[in-house]
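Below are two complexes that have chain A in common, paired first with chain B and then with chain C.
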Partner chain A sequence: MILRAAVVALVAFMTLPTVVVIAVSFNPTAILSFPPAGFSLRWYENVLTYPQFQRAAVNSVVVTGGAVALALPVGTLAALALERGRLRGRSLWAAVLLSPLVVPGVAAGLGFLILAAALGLLRSRSVLIAAHVALVLPFVVRSVWVSVRNLDPALERAAASLGATPWRTFRRVTLPLLRPGLFAGLLFAVVVSLNEFVVSLFISNRVTEILPVAMFTYVVNYTDPTIAALSSLFILATFLVVWLADRYLDLGRVFLQH
Partner chain B sequence: MKLLLLPAAAVLAVFAAALASLFRWSLLEFIPGSLQAGSLTLANFRAVLAAQYLGAIRDTVVLSALTTVCTLLGAYPVAYVLARTPSRRVRSALLVLTLAPFFTGAIVRTYAWVLVLGNTVVTWPVPMLFTERGVLVGLVHFSMPTMILILAAAISHIDPVYERAAASLGASPARVFRRVTLPLSLPGIVSGALIVFAWTLSAFPTPELLGGGKVKMIANVVKDLGLDSFNWPGAAAFAMLALALTLALLTAVGRVSAGRTP
Partner chain C sequence: MELRGCTRDYGAVRAVDRLDLSVHEGEFLALLGPSGCGKTTTLNLIAGFVPPTAGRILIDGADVTDRPAHLRGLGVVFQSYALFPHLSVRENVAFGLRERRLPAADIERRVGEALELVRLDRAGRQRPAELSGGMQQRVALARALVYRPRVLLLDEPLAALDKKLREEMRDELRAIQRSVAITTLFVTHDQAEALGLSDRIAVMNKGRIEQLGAPREIYEHPATRFVADFIGASTVLRGRAVAADRVATAGVVLRVTGGRALTPGQDIDLAIRPERVRVASGPGDNVLDARVESLVYQGAQTEVTARLDDGQRVLVFVTEPAPVRLAVGQAVRLHLPFDAFMVLAGPL
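Let's look at the complex of A and B:
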């Protein structure tokens, strides 16, 4: 009984902010109130027509697209090497590959800022892409590594003994069997990159900034519910992604087993 | 096979170069009004320990410790149910509801708390927004999914046979929990606590938005110095402090998990 009450209270604590954001986003006036005094979609209209958000949305797509397109193959190759290669210091390699996860965002962000300034790249989105690749790589390596570990090498040997070239074996046997890991890696990489804020804040300006940075600037300067509307769209997208992932990947299996 | 690691090594080399630049600048002299730095010096690290910043360091440590304790207390029951429930539907619902904030970005989550703490929903008896209390609430919410995952993994590794054995020998459920489940989940508790503490030490968006400039943690000082005052050497020294603290704590986590049977 106490256990159930504790769980319900915690779930309420975790979901309360989400509920409030969604409710406020339909508020008809610029003064925040809960429950809303009416129903209006004007803040959603504002999100879609605010030029800075449009520009930031394009930047987000370019940066996330570029970073994920690079990190997915790079991480997959690394995961294959980690599991299959006769590596000396495998655990060291693994630790190094996952290390961007543990570096505080402000340290990585300021480091990239100083490096980009030295290279004269501060006005370019390439710095954002480079930083995002490093930040999402650990997620790709981890997800794909699990799939590589579960892959029976006998299947690849069978294909090779039946006359398939190494490339054909890779394309027709290895890659399809790695699909769950690749899918999970892609999912994590997209979600992490789209939401990345701290590092991006340091290395972007008004022209190159991605959505979370533009939202931060807006929150600091204005108090109307526009960000509530944009947040609601983010929350909706995220819930869909997590729900789909749970449906097709069984999140419990991904998270609770090693 | 080793060649397959080359692209990843290249990515990491860029990351390492960024951290190396950070380290180098933390040792260079700040020249006000210029983005060029002067000669080698330790002055930036001495400034970190100056009286005006000691408050930020103390607040950071206190808030991180409180966050760790609150997160631990809140996460344990959920993690327990998550690990032990036979129903896949309960497990899925709990995972989606408690982990979804893990996937929604820092800004969305923090803005949501700006609304809740800012007297939009209820009028709080004491000021919440732009106080350390409010920042604490946001930090606990932020760390909760991580703690739940780590604890649930630890609890699901405990063979329920031990709990059944204790119960069949006459122990009450409370006693089973206190004498069997809790001690066996201790490695998870320790690593969860260390990881949450380390992450909170370098928290940025939560204190930035919920603190409203009145609550400063280490990361906020880095941003103030680096992006607002253009004092990159000073900011770099603070960032190195955050990095060193985090790495020290996570090394401790490695020790704890290495001491446990794999």
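Let's look at the complex of A and C:
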């Protein structure tokens, strides 16, 4: 009885902010107040027609797509090297690769800003992509690494004994067996990159900024529920990604295996 | 297939030590030894999974020492089977054929034949995880044989099966090996498997081959104390030669024939198989007094450990039903036939 009450309280506590945001997004009046005074879709219309959000959405897709496309192969190779390679100071390499998890976003953002300025790249989305690669890499390396560890080395020997070249062995045996880790890494990377704010704030301008930054800029200037509507859409999108992954990629199994 | 002076070090550990071994065409040779004796490393050297620290490896007369594993064209069955979990049974078996870029129709036909050979033609669509251990083992065998390699390497292929299945698979393995007449190297720690399957056995210890010979030869004439201990049960008595065919031990002089003439004064290790020792009804030649120390009843026979007057122990298998009921502490007379002794060379 007490346990059940505790669980209900916990769930309420965790979902309350989300519920409030979604509720406020349907508020017909131009103030961020709770509970909402009625029902209206005007803020959703505003989100979809506001040019800066459209531009930021495109930026988000480009930056996340580019960062994930780079981080996935790089992270996979890094995980293979960490587990299999003849590395000196393996734990040091691992620590460096996973370090973005513990470096404060403000510090990382400042670093990227100074670097980008020195390289004259401040007006380009490429610096955002580079920063996002660094930020999502730990997640990719982590999840692929677990899959590499679970891989029976006898399988690769078996493939070699059957006549497969190292490359063919990688294609036909190693890569398919790393799929759970790759999918988990991909999912983490997409979610982390789409929601990244602090570092991106330092290195973007009005032209290159991604959605979370655009939302922040909007909130600084206006206080109408447009931002709640956009947040709701964001929540929905993230939820859809995770739900689809769970449904088609059997995420439960991936994580239980870990 | 031949190894010439092959050595493999892992750090400071010498797993295989200047090993010479040649396996004849069509032969079934067992590499037998305790774990850590270097037998699996030897197999890995031949398969090309690890390079030798020194020495050469020849297959069909050609030096393959520097040839990578995927170009050696051998069939390998792994202890864990190493079936590809993401592929069906058919795809597993077809793997080697696809790597050889055979036409699809040929692959189809030969996979069918291979699965028939191991009596699995109806399990083709299943995933390895859905099969029993014995079936997985047969898939592994089909996968290694389907592209008709010249040499088959088996790494403890029966170790993961339970006893009953292991015996069945042992017979089947031998039948299949005979029917395709393939040169086979079989790594095992199980002496019964090695004795029952092989044309020849190489007994390995500490990275070296202690003895190489036919199963009967290995069992009846072990060359060293290690081989006598490792293959079958045996008792070793320490004594001293007093004549060319006489050895003094445990306060008596035994007549010993078999093998070479002894040099009087020499320290001798005499091994004897427990099934050759008899319980004697009265005194006589080569009869020793002993006392029963322990009894293990096993149905078909009883294992008797008897203690001689000087403290040395003799293991005796008494076939049941025993002519005399034995009890712990009872005095017995043991007859050690003069032609049953194995005179051992080599250090302890």
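By definition in this document, the second predicted complex is superposed on the first by the 231 of 258 C-alpha atoms of A that agree within 3 Å, B and C clash if a C-alpha of one lies under 4 Å from a C-alpha of the other, contacts with A are read in each partner's own complex, and residues count from 1 in each chain.
Keep in mind that, in the parts below, contacts are C-beta pairs under 8 Å (C-beta built on N, C-alpha and C of every residue); 3 or more make two chains touch, one makes a residue touch a chain.
Here the structure is a predicted model, which is why all the values come from computation and not from measurement.
Once the two complexes are laid over each other on the shared chain, residue contacts for A:161 go to chain C alone; chain B is not touched. Once the two complexes are laid over each other on the shared chain, residue contacts for A:176 go to chain C alone; chain B is not touched. By the document's definition of touching, neither partner reaches A:54: not chain B, not chain C. Between chain B and chain C, B touches the greater number of residues of chain A.
Residue contacts after overlaying the shared chain place A:29 against neither chain B nor chain C.
Judged by the touch definition given at the top, the superposed model places A:20 against chain B, while chain C stays out of reach.
When both complexes are overlaid on chain A, the residue A:74 reaches chain B alone and has no touch with chain C. When the shared chain is aligned, chain B comes close enough to touch A:112, but chain C does not.
In the superposition on chain A, A:150 makes contact with neither chain B nor chain C. Those residues of chain A that touch chain C in the shared complex are 152, 154-155, 157-166, 168-169, 172-173, 176-177. The touching residues of chain B, counted against chain A in their complex, run 1-5, 7-8, 11-12, 14-15, 17-22, 25, 35, 74-75, 77-78, 80-83, 88, 91-92, 94-101, 103-109, 111-116, 118, 120-121, 141, 144, 149, 152-153, 156, 198, 201-202, 204-205, 209, 218-219, 222-223, 226-227, 232, 235-236, 239-240, 242-243, 246-247, 250. Of all residues in chain A, those touching chain B in their complex are 3, 6-7, 10-11, 13-18, 20-21, 24, 32-34, 70-71, 73-75, 77-78, 80-82, 84-87, 93, 96-97, 99-100, 102-108, 110-115, 117-118, 130-131, 133-134, 137, 141, 191, 194-198, 201-202, 212, 215-216, 219-220, 227-228, 231, 234-235, 238-239, 241-243, 246, 251-252, 255-258. Of all residues in chain C, those touching chain A in their complex are 47-49, 68-76, 78-80, 82-86, 95-96, 99-100, 143-144, 147.
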